[in-house]
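The following pair of complexes shares a single chain, subunit A, combined with subunit B in the former and subunit C in the latter.
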Partner chain A sequence: MKRLAVKNLLGRPGRTAALFFLVLLLSLTLCGGGLVLSSLRTGLGSLENRLGADVIVMPAKAALKTDLDTLFLQGTIGPYYMNMSTVDKIAKTEGISRLSTQIFLSSMRASCCSIPIQVIGFDPESDFTVSSWLKESRQGSLDEGRLLVGSRVNANPGESIKLYNISCPVAGQLQPTGTGLDTAVYCTLPTIRTLMTAAEDLGGYSSISGDPSETVSAVYIKVKEGVDPKDVADSINVHVRKVKAVQTRSVITTVADSLSGLERILTLLIIAAAVLVWLVLFAAFTLMTGERKKEFATLRLCGLSRGRLAGLVFREAAIVSLLGSAAGVGLSFLLVHAFSGALGNALGLPFLLPSAGTAATLALAALFGCLLAGPLAAAVSARKLSRADTGLILREG
Partner chain B sequence: MAIVEFKEVSRVYRNGDHEQRALDRVNLQLEEGKFIVILGPSGAGKSTLLNLLGGLDNPTEGTIMVKGRDISTLSANELADYRAASVGFVFQSYNLIPTLTVIENVALVKEIAPKPLSSHDMLKAVGLADHIHQFPSELSGGEQQRVSIARALAKNPDILLCDEPTGALDSETGVVVLKLLLSMAREMGKTIIIVTHNQNIAKMADVVIRVKNGKIQSCEEQANPMSVDEVDW
Partner chain C sequence: MKRSHLVLHLSTAALALFLCIGTATFLGPCVHEDGSAGPCSDAGTASVLLSGVLAVLALLPLLPPVRRSPLMSVVPGAAGAILSVILFLVPGVLCRLCMMSTMHCLSVMQPAVRILSAALFVLFLASVVSNLRRRKAA
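What follows is the complex of A and B.
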């Protein structure tokens, strides 16, 4: 009977291919949809981890020009800077536990630079947002003049990137975050200040004002335990001029709200598509089982019990469903992986593929969902059909 | 020795208030190894008789003994086992599985029947040893019917039930099939029961049973049945 199931499948290639395609579609919908949703959730989680700070302070001009919601999806705030004296004033605000500065610089699309890229300079000693990520990525210390590159920057450790005619060796590559941070490079403050000086010499950054060693782009603040970040942000906004303090929680909340809305729509679409394909699949298996009533009646006549007949049909459907759903799962991973960047950009949300465990769970759920449709429909139909008048079916031919 | 015995067997079909008595208190004894023909007009109860004997249905009343075993009260699964072990079927339509070759169609029963015979031997017996790897669609009607007979015989049944086995064949091919069935009774000792409208087939039978309105009208033994070639087809 095992061979009969395979023979039947091979003997009707058109029918088998149609069923295979339907199962693949169902599996693709379930697994692919699940992967997209899961990637968005993972991306948001990653964004939360990466932000680390409770409050971010940036030049007021930058705050006016920058969409705060996408600030950390883009990675940087553009070519706006504030003086170190401003940082000193910010540091005097009550309730601050830790404070660290970062400098953002964009490379030029010119012969002086290998690639157009965002450069982020940070202070490893005071930093509490990037360093933990570096540790997760198991990268070594970042010496002066060297760079760490984001996961989507096309440069390998050992190679060099030319920025403003300065060749910077790549020390390592960071783990993906699913945000714009993946397309940036990271270096220490002295390195980025050297690059800023070089940029000024080349006329690439006219808006840099004053001594590069005295400017920063943003200040990251961790508040003391029990202190409300809102109070700290408000205090800075009131007491320090020409800056804008933002709670990171508000950025996260806005992104989370967008994600939540999108998640609802996507979930509904996935459920609707899956139910539709499931119904088509159920109908297809039922119709095809009906078409084969003569064949089943013959087997019943030969002495095959209802249970064994249902088993035979179940086996056939299970083979097609397993192959189709496995192909669908494979295709889902392939497509979501290949287009993860494009999907993240199109949705305007952090997009990071989930862990292997989550991915495996999704794959298993999709396989289970597919196996619920075909084999069940086929076995139910076969059992129903086996109760029909076998003799009559065969006499009618 | 009686291989089949019907005792007061009735089969009543009910549809709401309407009741149809397809078989009405039938009593019948059939001997082993005989070539038996059941004749009767449409709706006489021939097919019901065949269904009950073939284990496709249970009687409403009475008992059916096959080789001393009462099959009238068997469950669906027990009837499936009975069909697998004791009876083979041949219908007017050949009912071969189109995706399987000739040998695979016959070998199919090996996984169902408890004491199957060699598929090759059965195909040889029906004269199709050279066609074993062909598909049913590549065979003529007569050849397909012979495959279906080989499949029925490969189960090694005690009784072969044939419902209009030559109905879809031309007379020449029909004769070949009837000769084959007759030889199964004569040489292999199988009990062959043929249900037909065709009066000519009755001339070659050991026993002719006439059915009308759900009752056995007559059951005649023919001491000297004609050979297939003697019958005017």
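What follows is the complex of A and C.
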């Protein structure tokens, strides 16, 4: 009796394959959709952690808000520079706890450079945004001339990247953040100034005016405890000329707004797809039971009780559901993991795969949901079957 | 030939053909804005050629002279399984890809080739097993 369910399934491979495919589709939708949503939420959390600063100041000609969004989401930013004397003026603003400067330089898609890439120069002594990330990534010290690469730059420690005809050894690779910062490379201020001079010599960087050693692209500010970042940003905008200060919270708000819209649409689509698949599954079980009426009537004549007959249908559904949902969960993990880069690119939002714990919870939830769906769809048919008159079915021919 | 064997060979050939057409078109390597090919173009060409060969190998056991001999029909399956492993290694190991993982070759071509070549390996292996069984039965 225990083997009958398996034998029934193997005896009709076409029917079993169709049911297996339906359950697989259901678990793929639930688990895959959940993974994508969870990755987007993890990406947003990572963006919040990575921003670190409360206020960012850039030259006035930079369309600050748009450019910051582009930097954090796509990893590119325009070549904007301001003089070091401006930084001294910014530092005099009240309410500032920590201040650090960064320089941005974009490499070209040309023979001078291995890849078109955003180079970010930072001061390790004053930095409070990149350094914490370096500690998490457990990278060693960053000597002059060496680079740290983001997780999406396909270069291993020990290899070199050519930037403006200067070969820069890779010191290490950073942990993924799911943001555009993963596609950038990081170096100290002396290294980026050497690269800027090389860029100027090659005529590839007309935006640098003046001495590269006296220029910076952005000032990152951490405000004192209890001080509103908005007040500091407003004060800088009023008192320091030719710069724009913006709260980093506004970048997060933009991303969070886009994410919540997408989240709503994705959740609706997942629910609609899951309901549709479940309805098809329910219809398939109902039709299948109707088709097998005679088979079940014969089994009843052989002495199988109504309860055991219902149990047989239930067991068949449970086996198909278990196999289908396990395959669907596995496939969704494989696809989302393999195509995470393409998904992140297509969505244009921070995309970072969730932790193992979250992923396991999602997988278990999808598995449980699908394990319930099959037998639940079969339960109605099993109940109807147990009430049917065996003699009448056989007489009907 | 059993219907299940026919389905197995045809589905293997269809998958290999899909990979061949895919890597030649929408799954293919990066093309720069100026129209020049990226460093991943060799990986793309090798993938197209290898998947084309795999499609032919999958169809070979359907030819009457090969089909009649159970031993002969094992050979294309075994060769296909070995070539699938080589195809798996083409993007990123045997042939160089671009340096940024957001680029098409790393974000689309490599995972697609790897997933489909792994599936092809399983199908070719199934074909070998089924032909060996056929040989044993004969």
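Assume the second predicted complex is superposed on the first by the 383 of 397 C-alpha atoms of A that agree within 3 Å, B and C clash if a C-alpha of one lies under 4 Å from a C-alpha of the other, contacts with A are read in each partner's own complex, and residues count from 1 in each chain.
We take it that a residue touches a chain if its C-beta (ideal position, glycine included) is under 8 Å from a C-beta of that chain, and two chains touch if they have at least 3 such contacts.
On a predicted model such as this, the values are computed, not experimentally measured, just so you know.
Clash-free side-by-side placement of subunit B and subunit C is the outcome of superposition onto subunit A.
Judged by the touch definition given at the top, the superposed model places A:L4 against subunit B, while subunit C stays out of reach. Residue contacts after overlaying the shared chain place A:I103 against neither subunit B nor subunit C.
By the document's definition of touching, of the two partners only subunit C reaches A:F339; subunit B does not.
Taking subunit A as the reference, the larger set of touched residues comes from B, when subunit B and subunit C are compared. By the touch criterion defined above, A:V320 lies against neither subunit B nor subunit C after alignment on the C-alpha atoms of chain A. Rounded to the nearest 10, the angle at the Cα centre of subunit A between subunit B and subunit C in the chain-A superposition is 60°.
Contacts of A:R300 after superposition: subunit B is touched, whereas subunit C is not reached.
When both complexes are overlaid on chain A, the residue A:R12 reaches subunit B alone and has no touch with subunit C. Once the two complexes are laid over each other on the shared chain, residue contacts for A:I161 go to subunit C alone; subunit B is not touched.
Fitting both structures onto chain A leaves subunit B and subunit C with a minimum C-alpha separation of 16 Å. Comparing which residues of subunit A touch subunit B with which touch subunit C, the overlap is empty. In the complex of the two chains, the subunit C residues touching subunit A come out as 32-34, 97-102, 106-108, 111-112, 114-115.
Residue ranges of subunit A in contact with subunit C, taken from their complex: 75, 109, 114-115, 117, 151-155, 161, 183, 334-335, 338-339, 341-342, 344-345.
Against subunit B, the residues of subunit A that register as touching in their complex are 1, 4, 7-8, 10-12, 294-295, 297-307, 389-391, 394-397. Per the touch definition, subunit B reaches subunit A in the complex via residues 47, 50-51, 54, 56-57, 76-77, 80-85, 89, 91-93, 95-100, 104, 108-109, 111-113, 151, 155, 163.
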